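Alright, structures below, take your time with them.
Below are two complexes that have subunit A in common, paired first with subunit B and then with subunit C.
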Partner chain A sequence: MLSRTADNIYWLARYVERAEYLARILEATQRLTALPLAYTGSTNEWESAVATAGCTGAFYKTYAEANEDTVTDFLAFSTVNPSSIRSCLEIARANARAVRTALTTEMWDVINGTWLDLKRFGSGPFTREELAQFLRWVQEESLRFDGSAYRTMLRNDAYWFSRLGLLIERADNTARILDVKYHLLLPPQQHVGGPLDYFQWAAILRSVSALTSYRWVYRESLKPWLVADLLILNDQMPRSLASCYENLVRFLDLIGRAYGRQGPPQRLARAIRTRLENSRMEDIFQKGVHEFIGDFIADNNRLGSAIAEQYLT
Partner chain B sequence: MAAFDEMRGLDGNVRPAYGFLADWLDGVSPDALEQRRREAELLFRRIGITFAVYGEAEAQERLIPFDVIPRVLAAPEWDLLQRGLEQRVKAINAYIADIYGAREILRAGVVPEELVFQNPVFRPEMNGQRVPHGLYVHIAGIDIVRVDAETFYVLEDNTRTPSGVSYMLENREIMLRLFPDLFARHRVAPVENYPDELLATLKSVAPSTASADPTVVLLTPGVFNSAYYEHSFLADKLGIELVEGRDLLVKGDIVYMRTTEGPKRVDVIYRRIDDDFLDPLAFRPDSALGVPGLMSAYRRGHVTLANAVGTGVADDKAVYSYMPAIVKFYLGEEPILKNVDTWRCRDPEGLAYTLDHLEELVVKEVHGSGGYGMLIGPKADKTTVAAFRDKLKADPKNFIAQPTLALSTVPTCVAAGIAPRHVDLRPFVLTGRDRIRIVPGGLTRVALEEGSLVVNSSQGGGTKDTWVLDR
Partner chain C sequence: MRIRISHETRYHYDSAPKGIIQTLRLTPRNHDGQYVIGWRIEVSEDCRLDPHEDAFGNIVHDFTVDGPLQDLRVVVEGEVETDSTHGVVHGAVERFPPSLYLRETALTRADGAIAEFARGSRPSPTSEPLEVLHNLMERLRSEVVYDTDPTHVGTTAAEAFALRRGVCQDLTHIFIAAARSLGTPARYIGGYFHRLDGVVQQEAGHAWAEAFVPELGWVAFDPANGICATDAHVRVALGLDYLGAAPVRGTRYGGSGEHLAVAVHVDQTAHQMQS
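Moving on, here comes the complex of A and B:
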């Protein structure tokens, strides 16, 4: 297929995933800030949200202070921020329009419909209820898009590039959540923090829709080292780094087989997955969660570049 | 002047082809019709059949208004049109080949030389240049009007990048969804095979050095082009790649496209980019839309461009006036489709006549399109006419004049109910190596304002589905 088409499909998937991720972050932050300070500690949660979205630099160019109004505006509705929910959906739709022939009717219908509906939301100001509704809507539309891709696309290279985009973005997003909150993710020996952090861990899990899953996997009350385990190493959990990489390797292999050759993307993905497979939480804590995640984010970006260089240009 | 209404003629009696439709329209409630109209609009928007209008500040996406009342042609009417179209396009191809070849028609003095050589779209690069299978215009859009039951006029030939066929196809799809009862009562010739015919045509004109299954692509200027929807629609239906200039590269005078598996050879390019922007090494150097080196590959015969470079020599309004002579010259036949009387303002008599009768005539720029830059004498106020007179005197070579035709009308949904509105027809004529293919009907364009004669979508015109009834 045309490189540019593959590029558009790849980024279309990334932007839709990113929009959903931002919606989850904002929703989780809204919940957290609704709790009395005694339960959440003294962190500026809105500032954390911006950090989790990876936009701190850009944010402070536009706003002096991180609070509910400025952050929701910047992350959800801003036309100035290219990574706001609104911008993500606009770019996604533009990408989709550029490669309509590669999408199924259902996929186009969802993404175009989402874009048309987006206009109706206007630019605020929004009440908390309206914001909550908006965030719900974004997540639903993202699910519909993913679902329509999964259910209607032919299993060929177009589909696989779409999955690659989604997975790279998802891995990056999960890693960022962990990175911002790493100081909360403590090994079993340390008992500093205690009950105050419960709501923080719950918020992390909520933002990857894993709160209930946690209990089914571990059958225990929330423990920070298990939260870390769930999101990094557990391959049952669809948003975990391990799960993302298992699938990245799989789809890159399918592409490699279809095209009759393997390259740097396949090798790199396998290397990263192997590292995850061979890791144990004890070792990660020893090295330091923050360092581990930092390395992972860099590797993930490297894989993105390798894919772009091999296939998308 | 009273216009010929295609449903009720001039005497008010319903013409046979419209029999059932007339009854149906009498019986249908305005609400029911309005509801289907709104449904159609919603469908168009959800499918994304929109376009951008140049020069609009916001460049919002707009819909071309679609009117749900079809325009109906009887089989004998279409037979006549079909024969006339084939004849005309054959003559056009012969003319272009001659202009870039032996120039017999110029030697014979049938067409003045300056008309050809001073035409800005004449491409000296094409002099003596062979094209695959000697064909230049693979896809033509011939605009047809009528003023009575018998006579069809060609209003304009479009031989460069004619557009509108996607609307023809989508209109039919939507009509099938909205009015299954009407289709059950009429035997409407299908149009859905147009993409197949087009693909067969394009493959047939691949260079003889191409493989047995030639690779065809559609070259688009990109998403900001006003006709982008049609480009993506056609590429999708044809099952071919939709490429932009940057997706192609030329190496060793062969054209390749950039794929995820590496470069892949391209044999036929259905190009929807003007000559000017095709190749920055040959034409406009500032064009970011084209492919550097494309003309080298083209000159070596390694790739077919549909339509060929330089076909604009056949579709300006001045050459139009010579078309009957052109048909006679190459085919030795009387033209089946009439030309509208045309006064050429480059000729002193033509200019004099035009200036004398400015309020009665339609005056058009020779190289204009989209209905811009023209004067409709009978509708214009004194100031507009005076201003136009000055324009005309300043550059007479740039204009032609034609009588104001009372274009035929067809019942159309308007605010007050159903009323006659002026229409034209654009059938699409495909010329392949093996034969000419024409899908029955074409795009009917309708001027939505009462009394307006301007059907162009860029100026607020709409479209209708065109039904050719099988015998």
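Moving on, here comes the complex of A and C:
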């Protein structure tokens, strides 16, 4: 396979996953800001949303204040922001078009259909309800794309590269959610917050569709150290860092075997996975969740670069 | 290298016991230079294999089998990808500070002879710890002859040293006793070794030691082969001595005439290009 083809497939998967993630963040923020101020504390949730998307610098170049209108405009519909939902879907479709023959009919139909439907949303919705509908639609299209890839693609290197893109993006996204809210994810001894933090933790869990999963796994009321455990170390949870890396190692191994060559990406992925496997929540809290997540995001980016250098250039 | 391991432990009883309980320390963990690609434990009888961690961080499986049963077979199979770390252990689970591994146990007590032998490797109090340990390992290898006959599972380091004969377990115990007598924390490692002479069928797993060198960390020494651990070593369990890291420990209710057969098969899977 040409490295350019692999590159297109990899980034196609990453951008679709990024679009879904942004939609989830916006939905979670909408929900949080709908609550009375007394329930959510003093943080500007819209500012948090921009931070979770990793766009704080770019945001404040264009807008002065973070509120509902500016943030939804910037993160969802902006043509200027390369990481808005609109931009992500457009770049994804451009990547898909370049490798149309490597995709199945279903996959192309979904991504192209999404791109065509995007036009009818114009420059943005006028009401909150329309925005909610838009966000729901983005998530559904992303699920359809992922589902069509899973159900119809041949299990060869094209499939594995698309999974790599998806998993790296997913790990990055979960890490960012944790990073922005780390001050809420305290260990038992330090936990000083009150019952109001419940809504924040529930928002974190909802943004990764894990609210019910949490109760299934822990059978307890929401506790911040268990939320952190679910999203970092628990490999039952498909969006957790541990689960992403379990699969990353597996797919990199398959690629390595298919090409008869292993290298830095495989070793790096295994090292990161080993670190996650051998960690316990007490050790992470001792080191500091913020530091741990910061290191993880840096490592994850390094893995992305290693993959790009080995296979995509 | 990518190492494939198959370890079979077979028990046969002339008179069947009523029940058997076993604790297995047969599952390797990941650390820098070792990655478990796939690992499976199979017991020939219907039972529940409960995995948990012991105090040292070893992965332990317990199971109970109700009798009466004449034969029991435990098979462990898997593939591990290893890289050389020049013997230094990084990224492994460390549950205790190194000073715990100075603790003396019955199997690793340093008697006068071992203590004197150890002192011979340290010419002055300011000798480099790493050099001392290397020297100790080399002298030990030439001093003690590899012999499967005279010793058994319960032989202590002192007894084996007095005989100047033993298997890898005894050599490891002597090394540990000697190192501890010099004030260096040391521990017992059970695992597998991919032999360089191409012999694939082995009678048992392998044993070697790890000693703590300040500023470097835990360094693996294989006194039976006279080398530091390489990418041919697969590290499975650690303990203060053999009892803490034994692959299989168990007890049975009644029964007699136990015959034990162990077969270990360690080879390399298809060679892959590394870049």
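What we mean here is this: the second predicted complex is superposed on the first by the 312 of 313 C-alpha atoms of A that agree within 3 Å, B and C clash if a C-alpha of one lies under 4 Å from a C-alpha of the other, contacts with A are read in each partner's own complex, and residues count from 1 in each chain.
One rule holds in what follows: a contact is a pair of C-beta atoms (placed from the backbone, for glycine too) under 8 Å apart; a residue touches a chain by one contact, two chains touch by 3 or more.
Everything numeric here is computed off the predicted structure, so don't read it as measured data.
Novice: Taking subunit A as the common reference, can subunit B and subunit C both be placed on it without clashing, or not? Answer clash or fit.
Specialist: The answer is fit.
Novice: Classify the contacts of A:Ala6 with the two partner chains as first (subunit B alone), second (subunit C alone), both, or neither.
Specialist: first
Novice: Is A:Trp108 touching anything from subunit B or subunit C once the two structures are fitted on A? First, second, both or neither.
Specialist: In the superposition, A:Trp108 touches subunit B alone.
Novice: In the superposed arrangement, does A:Phe285 touch subunit B (first), subunit C (second), both or neither?
Specialist: Touch status of A:Phe285: no partner.
Novice: On the A-aligned overlay, A:Arg267 touches which partner chain: subunit B = first, subunit C = second, or both, or neither?
Specialist: Touch partner of A:Arg267: subunit C, not subunit B.
Novice: One more residue to check, A:Arg257. First (subunit B), second (subunit C), both or neither?
Specialist: Second partner only.
Novice: Who contacts more of subunit A, subunit B or subunit C?
Specialist: Comparing subunit B with subunit C, the partner touching more subunit A residues is B.
Novice: Just subunit B (first), just subunit C (second), both, or neither: which does A:Arg275 touch?
Specialist: In the superposed model, A:Arg275 contacts subunit C only, not subunit B.
Novice: For the combined three-chain view, what is the angle at the C-alpha centre of subunit A formed with the C-alpha centres of subunit B and subunit C, to the nearest 10°?
Specialist: With subunit A as the vertex, the angle is 110 degrees.
Novice: Quick one: minimum Cα-Cα distance, subunit B versus subunit C, in the superposed arrangement, integer Å.
Specialist: 12
Novice: Report the residues of subunit A in contact with subunit C in the complex, numbered from low to high.
Specialist: It comes out as residues 249, 253, 256-257, 260-264, 267, 270-271, 273-275, 277-278, 310.
Novice: Inside the complex, what are the residues of subunit A that reach subunit B?
Specialist: 1-6, 94, 97-101, 108-109, 112-113, 116, 157, 161, 255, 259, 311-313
Novice: Can you check the complex and tell me which residues of subunit C touch subunit A?
Specialist: Listed in rising order, the residues are 29-32, 35, 37, 81, 83, 91-93, 272-275.
Novice: Spell out the part of subunit B that touches subunit A in their complex, as residue ranges.
Specialist: The touching residues are 45-46, 48, 222-223, 232, 235-236, 241-244, 246-247, 257-261.
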